[in-house]
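The same chain A turns up in both complexes below, where it pairs with chain B and then with chain C.
Coming up: the complex of A and B.
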């Protein structure tokens, strides 16, 4: 009885207008989580023995894209775009597979940190080049993409390498107490420890300001150069995690393994409710969208759809969702 | 000792000289006006003072110390805070987040808003959801909360209804009383005359004089702004407040079929059953306070919004434009309030003018270069567009941009011209040219429907005026009777009886 009163007291403590605005700002994110749950239901129907193993599979399958989507979203939020995500993941993949092939768990963690810091630095450099040269993001990252691809092929011309430490690959593939996929935990921890403090910092606000209206942000005293460099650096760190997750999931290095991730990360970002013009959205939406895309693939697999047709169906679903959302937005504006 | 001293400052962008040599001093405890025609360099000077641009030459001194402002933040640290012409609040963030972003304490802003009778604003609102006038007031409150020595207000009153503008003036006076200074930029010379201690006039990128407007009068300011070139301009439209009243420029044949007939027009809940005619050769004014349905009325006529009821006839045949393309085909063209909306900012003057020539698919083949050149040349000449910076329209001054939006319709041909506040933020010389052009066009038999927020303009150009209030036409006045007092009365929804009482 008293707990009920306390609960209602707590909700009425938050003003109605605040709740309304929260819903308005996060409608899309909530909707994409709704879609995810609905798809889980569909999977349950087509695959009746759905269990912990399937969740683990889904996490292993979707985790690289989830991190890639976070990297893309960070850059898209400032009004940029990163076309070098796939090639960078490939580069991380071949370097990691080479280094981790003979490393202990502690060494592996150290190597992973070195890679994350290194890729973040390369991201910062990309942001610096864009700022200094005033060449559009899309062109600079297209060019750096070629560079990373070339370097990846130099490092490991044909598939090879691997991950020796089982503990390390279990960070993605393992499970806690036999139920909770460790990859999901790692993702949650990264979001809580890296993204949330950033989002709540002044730098986070600057990122949104820059994407929302660059001129107004500049006139408000936002340091445009520093903000862009920070966004590309953080995006780079997430892309490094995506490459590491891919390495742990496949246990091999392959310079051609990540070709699809660039455009898939853009699809996740759009599906996850981030405005491609910048300034609107977050990281939780794209993460959910990455899982939705993964889940669609898995469901179509269970239904034994020809993989080529599966791609067509995935594309059609993305278009339909965007169409539906577009119509809803249009109606709300009128 | 002056608070601010600008000495021989120059700035150019490519080949275009924005500031040739500008000098300006602002004393402590002074409201100082900066006036000048469009393109005179006012906005550029403001941007140099606020660290947006860096000067090519010259010095800026604050409290007798030479200062350099490499960024807007550095100018703020030197005690200069500005409210720019365009809102600088980030649309996708809440008010509170905007304040946090710019390191301004929310309670201080709250206090400033309370002083302006705006204490009910919820700081959790997302900025993009708020109306423009309120954003201007928020910008002002934020600038005040920084407690600057010099407050720069660049055209702040242009987007404000008169009651909010009054509060801005109160704030300015209060600020002066506290021994601080204001640099006030406005096209409304009346405001300059009433509220400013001194005024510096810029012309063609140089300062041409500083005067005390109370002593010299507004006319002297205008003369200085216009310079010797002013004599070449048509004298038809004169400075606001003078005696020349339009007593019906055209003889209108009432038996003729009206060019436009609007019958019981309904648009959302903003326009409620509006009916009127525009005859060939007639300029019909629309006057209203902010937000009385004028936006929706023009949007519906120009095909930008769907109407929810009523009929519109052009030359007796019904039209129901659902896109601007339909409206243009029916001969009804719009010059919108926001020039940026109408123009392709990065394309040339030529392309901007010739664009509507190719609306029809039949015109999608080879461009008839000779015809295009002739039409564009004629339009440019007729409007006296300054084509020095013609390679990109965005480099033109506001007045010249507005001329380009009119010129494109001259080239393409039309029957009805819809103008939404065509002279807002435009200097007086260009204003006169536009007024003269409208009379000329009317004499050629086209019809004009023009909303204006500058009430004296009604008597200068229009034949009659419709006053909108809450989406209805509450009064129709011939130009002779449409002086500012009568229009204001009607626009506030007062009946004639109340007006007398």
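Coming up: the complex of A and C.
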């Protein structure tokens, strides 16, 4: 979303005030992209080279989290939270690994679409249950998370399955013309074709209105129930893509594969400048944050840091960034 | 139960009366659910038709009850503590690792871990104004990572839970009174239920959750309240983790992982609002008991792990749904 605005904002046709407003509104997102570039430099220093292979590696490693962060962000924007993202990705992972184990490329694409539509429907159902039951999002998704974990274990009790179609897994793992990681292209296409039209539609406006002030949105004629259901459905579609990306990246189905993704998706969303109170932020920030977290993991790997220390360091970084943001907010208030 | 839920839209007068009673006294509904679940359990498994089984159920429920106690007061301030499970596991593991220095010393180390983690959470949330969800999430993953590193660095064999802690986790006074309930859960419950009602800090906790701005304008130092709340929560988690270690008589870095979501579920089933300011610990006690009986029921039914998870999720959702209906949006309506 902000990339489009950035492209137009750079031209001189746009008044300076608009440009300043854009900068003010997107400081955080721009900063996270700055951090990303800085970390690329660090990787170049640590690894002493930074070729197409490294970018491809980064995309494969970060793509599942990037999609998961998009799913979480969509829900957080309306002021909700989805604690069932990890279990849902695990469910998608085991179903996909079972179906794709013997599927051709065309069949794989068809199965993937079926999975995306199915998970979007489950997302819509979650939104419906939250609306009808009036139970808070955090509780409903916590409970559905248990349910998806159980179904995933039922589908595939122990790791197995796979992806037969090389063309399909290349959508995540491959390179176009030996340079451009295909996963990054898929991500860009999804953002342009799915998120951008949604963001610019009336429904997109409703999402931000609902997240900013539910009462005001309701009084202005926003259909609260329909907006919430739409946000959860779109979030579900992104989570399905996250699960599919995970399946393509690992080429295996494992009911315990996605345990960390719920927490990491929340971390990406917050690092990406989306307010957990809703209504503020976009999807490009969380995507960048997901790549930043992935890059930190890769750099620590190159430095041969124990993966458990890497977990600690990632946590410390998240906490420090949040403390820093807190100081900034306090300053602004004074 | 589920058949009555849709009918609530056009309630006959008598049901309206019933609903009002539940709204005023949610503990009635929770007691009913608990009794129904236990009757089902006893009818499915003859082994549960004894006072002894009640005693052992309560003994196990104490662990969840204590973790959920911390979660409850944090929820009351409109926060959430996602570090409870990591802190509980860390306290238990480090305690067992230091068991050789004597039980008192080991337990003190465990409690210190809780205190430090809680203070970090409290400083982030109270002083820097970080959203509780992300702050406790970060601290939780730091604690978890450090625990795994610590456990891999240990070379002197498997950690041993000190005898007195094992005794506390499994022993009973006479035949029926579990030691962990008598010496830990009961005092904590009394302090929390009375303290939230009558003490300055307790009232401030509810007030901060209800309306932080009004609270600050009224002269409450909200950061102190939040700091104390998160510190208490983590100390309670550490306590529960050590009792769990004693109960299992074995520890590992993932000892208490499942208790994270259960602690939130117990508090919410007990009627504490995730939006703060509404609820209390009495309901959480019932929430912990209900979830423990439910777990026993699923064990007795010989359900596979997959079935257990599905039923668990479905029942938590159903209970929260019924509760939200009966309490008439008392959970904090999101519609």
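Everything that follows uses one rule, which is that the second predicted complex is superposed on the first by the 321 of 334 C-alpha atoms of A that agree within 3 Å, B and C clash if a C-alpha of one lies under 4 Å from a C-alpha of the other, contacts with A are read in each partner's own complex, and residues count from 1 in each chain.
The working rule: a contact is a pair of C-beta atoms (placed from the backbone, for glycine too) under 8 Å apart; a residue touches a chain by one contact, two chains touch by 3 or more.
These numbers come from a predicted model, not from an experiment.
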- May I ask you to decide whether A:315 touches chain B, chain C, both, or neither, giving the answer as first, second, both or neither? second
- chain A: partner with more touched residues, chain B or chain C: C
- Message: If we overlay the two complexes on their shared chain A, which of chain B and chain C does A:25 touch? Say first, second, both or neither.
- Response: first
- Using the superposition on chain A described above, determine whether A:208 touches chain B (first), chain C (second), both, or neither. first
- Task: Identify the partner contact of A:217: answer first if only chain B is touched, second if only chain C is, both if each is, neither if none is.
- Result: first
- State whether A:136 touches chain B only (first), chain C only (second), both chains, or neither. second
- Residue overlap on chain A between the chain B contact set and the chain C contact set? none
- Query: For the complex, which residues does chain A have touching chain B?
  - Reply: 15, 17-18, 21, 24-25, 202, 205-206, 208-209, 211-213, 215-223, 279-280
- Note on the structure: Touching chain A in the complex, chain C uses residues 80, 82, 120, 124, 128-131, 133-135, 137-142, 144-146, 148-149, 152, 261, 264-265, 268, 273-275, 304-314, 316-317, 320-321, 324-325, 329, 331-335
- For chain B, which residues are in contact with chain A within the complex? 50, 52, 71-73, 76, 84, 86-94, 97-98, 100-103, 122, 124-126
- Item | chain C-touching residues of chain A, taken from the complex the two chains share | 81, 83, 129-140, 142-154, 157, 224-225, 263, 266-267, 270, 276-277, 306, 308-312, 314-316, 318-319, 322-323, 325-327, 329-330
